[in-house]
Amino acid sequence: MPIVQIEMIGGRTIEQKRAMVKEVTEALVKTINCKRESVKIIIRDMEKHNIADGGVLKCDQS
Amino acid sequence: MPIVQIEMIGGRTIEQKRAMVKEVTEALVKTINCKRESVKIIIRDMEKHNIADGGVLKCDQS
Amino acid sequence: MPIVQIEMIGGRTIEQKRAMVKEVTEALVKTINCKRESVKIIIRDMEKHNIADGGVLKCDQS
Amino acid sequence: MPIVQIEMIGGRTIEQKRAMVKEVTEALVKTINCKRESVKIIIRDMEKHNIADGGVLKCDQS
Amino acid sequence: MPIVQIEMIGGRTIEQKRAMVKEVTEALVKTINCKRESVKIIIRDMEKHNIADGGVLKCDQS
Amino acid sequence: MPIVQIEMIGGRTIEQKRAMVKEVTEALVKTINCKRESVKIIIRDMEKHNIADGGVLKCDQS
């Protein structure tokens, strides 16, 4: 632990993902005092037609 | 909040998804008195070889 | 399928939950043409100190 | 119930998945005394660039 | 990996949970050829008023 | 989006959670260029008898 699941809109580069998992892990180590190697992160790239806010698909939002 | 995650068998059309997120959002607004714009929905399209009931993959079920 | 996971702020009554699962199930049957008995819903009541928007805990938001 | 969500690195064959859902279901029936047909399993195949341990993407790990 | 999330009706004893995680882990090692120590399991005990099948809360089902 | 779900061992203080959601949100804004107010975080406090590594419950690990 901790196990982190991140749903985000697809299209980010692997460099962005590389930086993200590093920074999120550091944020957890720094604030909740867990071991760095214990942090597991799962990223799920979401399509805009599979996310909705207020009843409207993201792909239909201007 | 609320955040809704819907796992469903893949293959639905975008029109079906459009109607689904609208109706599910209205159902929540009507019954738990939340704000429409606060409702977030995530849809995950599942393959039949990645779902199982009673120990049998969906793709193996008649 | 479908399996629906709903995270919402705790405190709703069982009557609200009863109505919610009924209406959400009907919304799915009506829009994605699934069988009513195949719809599974999981509700997770969240504490305000366990949810955050924009980096601020819900319990700290005015 | 129970509902089981399994995140695993992609690339397993359908035979491996077939055996996995069967064995995991038997393990649950045997140990928590649930009905076989009530066990639902969802498998999510993960890409190595979408998983991280200790702040490092799996695809970057030797 | 793999990461396994198990939602089940609350009330099982710790002995049942002990046996379950052992057996589910063995099932994964045996069928998808992963390392035993890599298997992470999360158990979520669910209340009957927070689960529904076919639009009816579990606590309302005979 | 992004929506972040964090499973962690229970017992952290609200101050730790306050700092965690702030830092994790900043990490995401900085690395994947999302809007701060769009970041939603869900925290789930886990009991040691509901987590397992390598087939052994956390509460049984020395």
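Just so it is clear, A, B, C, D, E and F label the chains in written order, and each chain counts residues from 1 on its own.
Criterion: contacts are C-beta pairs under 8 Å (C-beta built on N, C-alpha and C of every residue); 3 or more make two chains touch, one makes a residue touch a chain.
For clarity, every value in this text was computed on a predicted model and none was experimentally measured.
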Farthest CA centroid from subunit A: chain E
Outermost chain relative to subunit C, judged by CA means, is D
Per the C-alpha means, the centres of subunit A and subunit D lie apart by a whole-Å value of 20
Between subunit A and subunit F, the Cα-mean centres are separated in Å by 12
Rounded to the nearest Å, the gap separating the Cα centres of subunit B and subunit F is 24
Multi-partner residues in subunit C (2 or more other chains touched) are 3, 7, 17, 24, 26, 40, 42, 44, 46, 51
Contacting chain pairs, sorted by label, are A-B, A-D, A-E, A-F, B-C, B-D, B-F, C-D, C-E, C-F, D-E, E-F
Note: in the complex, subunit B contacts subunit F through residues 3, 40, 42
As the complex stands, subunit A meets subunit F at residues 1-9, 12, 16-17, 19-20, 23-24, 26-28, 30-34, 46, 51, 58
In the complex, subunit B touches subunit D at residues 7, 44, 46, 49-57, 59-60
Residue positions on subunit F within touch of subunit C in the complex are 14, 17-18, 21-22, 24-26, 36-45
